[in-house]
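Each chain carries a letter (A, B and C) given by its place in the written order, and its residues are counted from 1.
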Amino acid sequence: MNYTVGEPIRDTKAPDGPIEERWSKRRFAAKLVNPANKRKLHVIVVGTGLAGGSAAATLGELGYNVTSFCYQDSPRRAHSIAAQGGINAAKNYRGDGDSIYRLFYDTVKGGDFRARESNVYRLAEVSVNIIDQAVAQGVPFAREYGGLLDTRSFGGAQVSRTFYARGQTGQQLLLGAYQALERQVAAGTVKMHTRHEMLDLIVSDGRARGVVVRDLITGEIETHLADAVVLATGGYGNVFYLSTNAKGCNTTAIWRAHRRGAYFGNPCYTQIHPTCIPVSGDYQSKLTLMSESLRNDGRVWVPLRKGDDRAPGDIPEDERDYYLERIYPAFGNLVPRDIASRAAKNVCDEGRGVGPGGLGVYLDFADAITRLGRDAVEKKYGNLFEMYERITGENPYEVPMRIYPAVHYTMGGLWVDYDLQSTIPGLFVIGEANFSDHGANRLGASALMQGLADGYFVLPTTIGDYLAGGPFGEVDQDAVDEAVGQVRGKIDRLLSVNGDRTADSYHRELGRVMWDYCGMERTDESLRKALERISELRAEFWQNVKVPGDGEGLNQALERAGRIADFFDLAELMCIDALHRTESCGGHFRAESQDADGEALRDDENFAYVAAWEYRPEGGPVLHKEELKYEYVKMTQRSYK
Amino acid sequence: MAVTGAVMVLFLILHVVGNLKVFSGAESFNEYAHWLRHVGEPAVPGRTVLTLIEVVLLVSVVLHMWAAISLTRRARKARPVKYAARRKSQASGYATHTMRYGGVVIVLFLIWHLLDLTFATVNPAGAAGLPYDRMVQGFAPERWPVTLFYTLALVMVGLHLRHGLWSAFQTLGLASGKAYRPLKLAAAGLSAVLVLAFLSVPFAILIGVVK
Amino acid sequence: MSGMNLTLKVWRQKGPADEGRMVTYHVEDVSPDMSFLEMLDVLNERLILEGDDPVAFDHDCREGICGMCGMVINGVAHGEQRATTTCQLHMRHFKDGDTITIEPWRAAPFPVVKDLVVDRSAFDRIIQAGGFISVPAGSAPDAHTIPVKKADADAAFDAATCIGCGACVAACPNGSASLFTAAKITHLGLLPQGQPERDSRAKAMVEQMDAEGFGGCTNTGECTAVCPKGIPLETIARMNRDYLRAK
């Protein structure tokens, strides 16, 4: 394995003192920008999901001159829209013992002690403002007959702190942010460029000063300059080809920024979601998530006997293995995602999986229907059941659903400090694109919370502190030309290979390598194999890929090929990170590091750090360690038994 | 469309009530026709009320047509390139899709109808005939093509009303969730009653019940 | 299960200014478990290898929520399967030997960009005109300050599920965007938070909709019939009511 160890990261810029005062302290210490100057300060925001949309809207509202980009035809399409389950907030409206501290505690523990305490506390603190903000914007959260907001318990939480809008919480929150954004577009504070894809970052004099984008309609390469750049471009789960991400989700923006000097934090931390619809064939283009909320009432099981191919209804109760309830009696079907996913993999590896290829487990609602009645179940999960039936052609009211884990979220991302600033001054990274708040595993209903916390509340404060330090002078034209040259060079190269395999076929193969060797379970051997295969595949890709057409005008095959090229490089870094971290933690399970019961075994002595990787064109990446200290939550081995 | 349509619907109701007087005999019908021309006298000169109604109706018809034509033109402009596949209607309601050509048929009918029974230029009883005679001779059995045309046109009117009636409520924002079913039922019911009432007269003449 | 053989007639158009035409393709061995878009993916991979230009179409989430995909399939927006986006339409609803016509949304305010891709930025501009509640971040009162009747919240949610795909416009014989516009007016107009801007919102959004060149509504109900989220026609009545009141 080819990497070197560099200087550790000593300062994350988090204030010291009691944890509940740190964010207030930071806010007060942040320098302010004179309102008259704000409109002269130009901020670029890339991505319009929950984080990017809310950030651009808020910065526009504050008076900054904002330019926003998204690759879709409208900012409303960003993949935050697909989040189903809900959003956590420590409102304690139920009086069931929730508090900011408890949400903080749960998140640190859920993240398997690989997240920063200061960041997580701030997230929990801000969570309550998010709900207020969303309700004021008209987000139609579920309500009770008394007119107050309804909540549910979700994904491993023992309090009811998840606010939801049927199974479409992400959609409703995103539309709230989108509407706020469009309001700023109308007000002239935000200039929106849809169907534009960021292909490089412009770094001048050590600071992020702009981006190179391609207009996907005309094919034109444009440069946009600014005083600061915010990346809100989401996660990189599509490196696995099949994931619950949208087809267009990609790593290019953050990968290009990484190549320009931004460290990449914990790339190997990927979340595999336990409740997805299983793969049905080779042509499969994506996987569809069934909300985790289904586990509140559905019971997960497989046949006791290997190779039992009877129809589920024909398998008597005593020949079923409700394995989550059996292994984890305290949490049962509600264990955190990583545990539920691995348990499913284990029973399938034992040959007890169900459905085509034996890659599936049952999620059964028969008990819930008996207990609550079909109507109640329909009210709660109707739209999810319909979605399942649409895709599989099976009716989950009558036959148990089949589910299997799928890649869903990437906890890793560009390394940022407490201010959400990367190692390139002036480059801020928010939402799933950064690595910050979830540690090695994200709890359910926390992604929406983090995206909106970053965009509405944290970034608008911290970026002001940076901008107040300006002006930063003229942008170096050579830096601009160099970046544009790089972008053009890559496009020309892709178009000129003219081989005999499609880019998608390489993507599928890369995805299989990653899933098999760097997926739910990783070993030294599998990761080395993955590294070998990735490097072979990448070499073949650059010699044999066929990208049709030219760079002028809309060329979707060219867009995809460019993204896949970056996925190869990222995949390599993920494997290196996974290989160097010889412990198991959260979404990263190393088969070598497990206890007698097969549970993940952390190695706090050697690995209680964030792995921040620096890009080097030659000689492999450089590892910078940021030590993690736990002053409030005692490090324990997670146990959900 | 909604407002002018509503005016015309009100007129149709009055119109059919008058028509049904045919069944009370020639005298009653002619008297009614006479009354129509002289209502309000001597406070106002003869035909004042009738003229007023005629003006309001004419304005309504013109505005209704103008609205229909401009909606059609907007629709054409909004879809300059047509679909290659025949567009299959996904919404129930045949009536909805007959509004435009149905409207044209109704206008043509209206012109004939006025020439026939109001100005009597194409009526066998002629302008000098009494209203009752014009009606009876106009729908005489040997003039069955007239009756046929009349019937077809009225079916069109019925379809037009079936969509138009509830549609007016929708356009004016008076429809809401629970009201749709009753509204649509009422629209269909009223249209059917009107059409049947209108048709009862020529068919009564055709089979000789009214002579 | 053996695959199906299908004939596709697809609208091909190089760019906004170019003439388009229907082109026929044959696809073989289509699995009934494929989604409609996956069937097109397979066609496109073949076209690339044959040196042809693949068919451009918009898509992203492929789980029926982003609203990016949309094509008129055999004359019906998103195909004949009810309450379904194109990406969620599966090939099991077709038969071996079928001929399938595939066309882009047709409306002047949705100009064709390429093949099946159209420009729907008119929808964004309708939202810009007033499809929001003005509330700067950080200024919101506690979420429980104003209770909302459950029935209102539920009805607002039903309207708010609109994914902005444009099928309503594509299906409307008049090319009207009333259902889209009305869904937003209804969502925000039903909530207490949306009351202060209710009149101005309705007026501004309807005027923007007309300015974009969409046709007028004649209550045909085609929009709601093809709407993947089943946005009810009632929203349009509400829009009309609010608009008349605002005028």
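Going forward, a contact is a pair of C-beta atoms (placed from the backbone, for glycine too) under 8 Å apart; a residue touches a chain by one contact, two chains touch by 3 or more.
Here the structure is a predicted model, which means the values were calculated and not measured.
Nearest to the overall CA centre, using the mean of each chain's CA atoms, is chain C.
Distance from chain C peaks, on a Cα-centroid basis, for B.
Compared on C-beta pairs in contact, A-C and B-C come out with A-C as the pair having more. The distance from the centre of chain A to the centre of chain B, with each centre set as the mean of the Cα atoms, comes to 64 Å. Computed from the mean C-alpha positions, the centre of chain A lies at a distance of 27 Å from the centre of chain C.
Computed from the mean C-alpha positions, the centre of chain B lies at a distance of 38 Å from the centre of chain C. Within the complex formed with chain C, the residues of chain B that make contact are 71, 74-75, 77-93, 96-97, 99, 163, 166-167, 169-177, 180.
Residues of chain A that touch chain C in their complex: 54, 57-58, 61, 72-79, 81-82, 91, 93, 129, 131-138, 140-149, 165-166, 168, 171-172, 175, 178-180, 182-183, 185-186, 192, 194, 217, 244, 246-248, 280-281, 283-286, 288-289, 386-387, 390-391, 393, 456-457, 460, 500, 502, 504-505, 546-549, 553-554, 556-557. Across the complex, chain C meets chain A through its residues 14-15, 31, 33-35, 37-39, 41-42, 44-45, 47-49, 51-54, 56, 58-68, 81, 83-84, 88, 90, 92, 113-114, 117, 119-121, 123-124, 127-129, 131-144, 147-150, 153-154, 156-157, 160-161, 163-164, 187-188, 191, 193-194. Interface of chain C with chain B (complex): residues 9, 11, 22, 72, 74-76, 80, 101, 103, 106-109, 155, 171, 173-176, 213-222, 224-226, 232-234, 236-244.
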